[in-house]
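These are the structures in question, set out in turn.
Consider the two complexes below, in which chain A is the common component and chain B and chain C are the respective partners.
Our next item is the complex of A and B:
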């Protein structure tokens, strides 16, 4: 068993990590809180004094607040729906016996390794460009009028791009979970003549429920803060300004730090609500 | 694991899975192909798949125009530097939590994870202003530090789950034989932990390489890595699909290859051990 000596050594070894993370968390957090109660315009007068909860009220009552909530919900909800549904189907397919399984898996997970700025620009230009994009060519081939993706269907376009990036993540995790399913159980139900649909609902889906929850929670945390995908495509125009993009604009583009910081505090609270659920699952796993 | 199926069923599975796999991979394939086309043929109607005049000129142009090599160097320094620095801090911490756990270990682990959930945009201005004050803006050192910090919880968690799998009796035996703490870590633990440490390094280099919030907001011309290099192509400029493709291919190729090697660790690392 651990001795007194190794205990104090252990504490010392943990210290650098704990101190660094504590500083990383507390210093910026306190500064954001501090700024959020100030009227602070670095380029137009600097620190203009305390304003109480003014920034918090103004952030939610500004005309761009509700549209940004809407854009955030559509993007997060749309990407989650697409990646989870397709991810489950794809994971089941990839689990089937086939030739070249390893290669197919590599093809499927590849988009996850593409940096967000690359995937956004490749999609925006080479696929969604209304004149020269491949999709425009496809549309014309079938005699349809090409879509102005980034302006007329901006939110669906971003949902498509981000789903393409995150589908591999969902598939890979769900595939890992499916592979841990007892194949004897599946075979038994197959022999009993249980129809495919009922096998899916009663055996596979319940088995996957935990993995699906993990996928949803982790993706939500990342999706709430997607940035590059909007930055290099629409720059927040055409109704694609998400909550985090709105905060970014308030802070860095219009340099209204107080207002942006109040928004930042909202974002932190929102992320923490999601995080609590994720942590509960992870924590349970830690016990056994 | 292999379930017996009829050859016909196997064939159907294979065809279906390959079609979907190729469809998902297609944007990457198309980017790579387009990077070898002359600019005029990149927008040919109908699109050209393989029968075009293969050329390397786009790669030369991209390097010449925007100094790809410098961005690549920045990407390598930032991703490798932040990962190694993170490992240096994380190994002792993960070791002590895995082998000398106390009542608070679980809480500490959970707290570390919670720092990962902090939305970057919520602390953008503080970091920005601190960077200006410490003249770290647009410096590689600044990015190495920030990216090390955002990935530190993942590094610690991954190492912790790997270390947990090392059988404690072996370590105890070494201790019984009178090995000092230093020797125990150096000669007993490290050799067994190397595979885990290696996959942690691999996954975190990938994550750092693709990080695109801090790299875009905290760099300009000097310390910008490949994410920023590509972002400079966001305003269209005449014919540029082939050049964009060449730049994109150069930015993703190294990490795509690394990524394929780290598939398995990906799941463990990104779900904090919740799915294995």
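Our next item is the complex of A and C:
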């Protein structure tokens, strides 16, 4: 056990980090709260005084609020489903001994190093462009009419792009989890007469459950705030306006800081609700 | 039934042959122990029998049926692993029931068999716990439980006691021996500990570098080791091996004498030396004697009450009828 002296020394040592973190979080949070109760239009008269909960009511009653919640959920849910399922399968595949394993693993991780803006532009122009994109060629090769990805299938397109970016992350975490599985457990289940599919369901998947929860938790936090992918592809059109994109539009395009701040507070609440649920799941998983 | 025959079995990993052609028969109901230093191929041999590794050539027969190409589950064997390999996310009940569930047994039958196994192994109170909440010995019993519910033709044990502390190991050794008495089924047990081999086995198979050095009952191996390797490996403390004039005198290249077959005296005897370290176990005392001119150090066993100090002169007299003689190749001279 630590002595009184070493404990107070520890507090002293940690203090700068704690103060910095608190400042980093508290100042913006307080400013957001402050502005959310004001009518503040920088280009149309500036600070126009306190308005109480007006901004909160207006943000929610706006016709674009519920569609943005819907778009957010679809994107987050879709990307999570795709990355977890494909991530598990890819991880199992990469765990097999094969020739050129190191290079293959590097290549699988590569998309994670590409900046979101760049990868979205690459996808938009090189793959999904209805005239000269690769997918359009593919469609035409089979005699089909190329899909107007960004307008006709805007949400699935964004889900696809973001999944491509996050799949390496999921694969990486799940691969390390699979590698930590005791090989004797698999051998024991083989002796116990479990065929390949049963071994996957009864041994590998339960072993991965904790890693999967971690992937879901971390990805949700980052996916709730994706922005660049929408900005450079659809610009929020065709039903791809997420909550964070809506806040961006309120603040920068409509120049309504108060309204945007109120949206920001809603986003904080939403993120916290998700976090509470996820922490409970993780906590349950970490129990044993 | 579980008569296991290995016929000219070999195993190579790449170019390295770890098991040269090997013949071995394990009779039905026998408790066979594979023993040898680490890396001698004993675990590989067990995994070949289990089907977790494929034989490179030769065949394995269980009850007269060639199983070399069969999947592990189809061979009717059960294995207890060194790490126990319990499924951590399942309760003890589910762990034990897993092979039965995979075999597609009816739920009532599964419950009956699991309850039986739990009663036999004193696990009834722990059925709803997870492996993480059990002690080492209990985990070991769960692993055994998972093996016995399948009613296999033979049990395979891969160093099952090496993760337990010394006191528990003695207890589990007895339990496994009792289990063998009760089930009367074939058991193959791999260990590097010759004490486990001596105490449990009907038949000991001593292996070195994938080659069987000797097969026999514990006392056969103790009384008549076929070569210097077996002589040095079986018995504790190790047999003293002596080269040189003392051996030539007895028409051998090397002679061996066990510590318990040497008499000690403070005034007269065949060999004279100085006591280096003495280990007092209460019942016995082991003296490590140096300066005899025969070997670097000789180990002798004396009664617990015999007392020599470090540096004292000691006289040793081997009992001639217990001297083992070996030729230049290390083989026993009859």
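Keep in mind that, in the parts below, the second predicted complex is superposed on the first by the 259 of 288 C-alpha atoms of A that agree within 3 Å, B and C clash if a C-alpha of one lies under 4 Å from a C-alpha of the other, contacts with A are read in each partner's own complex, and residues count from 1 in each chain.
Definition applied: contacts are C-beta pairs under 8 Å (C-beta built on N, C-alpha and C of every residue); 3 or more make two chains touch, one makes a residue touch a chain.
Being a predicted model, the structure only gives us computed values, none of them experimental.
*Asks:* Clash or fit: how do chain B and chain C relate after the overlay on chain A?
*Replies:* The answer is fit.
*Asks:* Let me test your reading of the model: by the given contact rule, A:59 touches which partner, first (chain B), second (chain C), both or neither?
*Replies:* Neither: A:59 stays clear of chain B and chain C.
*Asks:* Touch test for A:185: chain B only (first), chain C only (second), both, or neither?
*Replies:* Second partner only.
*Asks:* Using the touch criterion from the header, give the chain among chain B and chain C with more contacted residues in chain A.
*Replies:* More residues of chain A are touched by B.
*Asks:* Where does A:109 make contact in the superposed view: on chain B (first), on chain C (second), on both, or on neither?
*Replies:* first
*Asks:* Kindly classify A:10 by the partners it touches after superposition: chain B alone (first), chain C alone (second), both, or neither?
*Replies:* The first partner, chain B, only.
*Asks:* Once the two complexes are overlaid, how big is the angle at chain A between chain B and chain C (Cα centres, nearest 10°)?
*Replies:* Spelled out: centre of chain A as vertex, angle of 80 degrees.
*Asks:* Is A:206 in contact with chain B, with chain C, with both, or with neither (first, second, both, neither)?
*Replies:* second
*Asks:* Does the superposition put A:149 against chain B (first), chain C (second), both, or neither?
*Replies:* In the superposition, A:149 contacts neither chain B nor chain C.
*Asks:* Applying the touch criterion given at the start, work out whether A:238 contacts chain B, chain C, both or neither, answering first, second, both or neither.
*Replies:* neither
*Asks:* Could you tell me if A:37 is touching chain B, chain C, both of them or neither one (first, second, both, neither)?
*Replies:* In the superposed model, A:37 contacts neither chain B nor chain C.
*Asks:* Closest pair of CA atoms, one in chain B and one in chain C, after superposing: how far apart in Å?
*Replies:* Once the two complexes are overlaid, chain B and chain C approach no closer than 7 Å between C-alpha atoms.
*Asks:* Which residues would you name on chain A as touching chain B in one complex and chain C in the other?
*Replies:* Dual-contact residues (chain A): 187.
*Asks:* Flag every residue of chain C that touches chain A in the complex, lowest number first.
*Replies:* Those residues of chain C that touch chain A are 50-52, 71-73, 77-79, 81-83, 85-90, 98-99, 102-103, 130, 132, 146, 150.
*Asks:* Taking the complex as given, what residues does chain B use to touch chain A?
*Replies:* The touching residues are 1-3, 5, 9-10, 13-14, 16-18, 20-22, 24-25, 27-28, 30-31, 34, 43, 45-47, 89-90, 92-93, 95-97, 99-100, 102, 106, 108-115, 117-130, 149, 152-153, 156, 181, 206, 209-210, 212-213, 216-217, 226-228, 230-231, 233-234, 236, 240-241, 244-245, 248, 251-252, 255-256, 258-260, 263, 266-267, 270-276.
*Asks:* Can you check the complex and tell me which residues of chain A touch chain B?
*Replies:* 2, 5-7, 9-11, 13-14, 16-18, 20-21, 24-25, 27-29, 31-32, 35, 90, 93-94, 96-101, 103-119, 121-123, 125-127, 132, 134, 137, 141, 164, 167-169, 172-173, 176-177, 179-180, 183, 186-187, 210-211, 214, 218, 221, 224-225, 227-228, 231-233, 244, 247-248, 251-252, 257, 260-261, 264-265, 267-268, 270-272, 274-275, 278-279, 281-283, 285-287
*Asks:* For the complex, which residues does chain A have touching chain C?
*Replies:* Per the stated touch rule, the residues are 182, 184-185, 187-195, 198, 202-203, 206-207, 209, 288.
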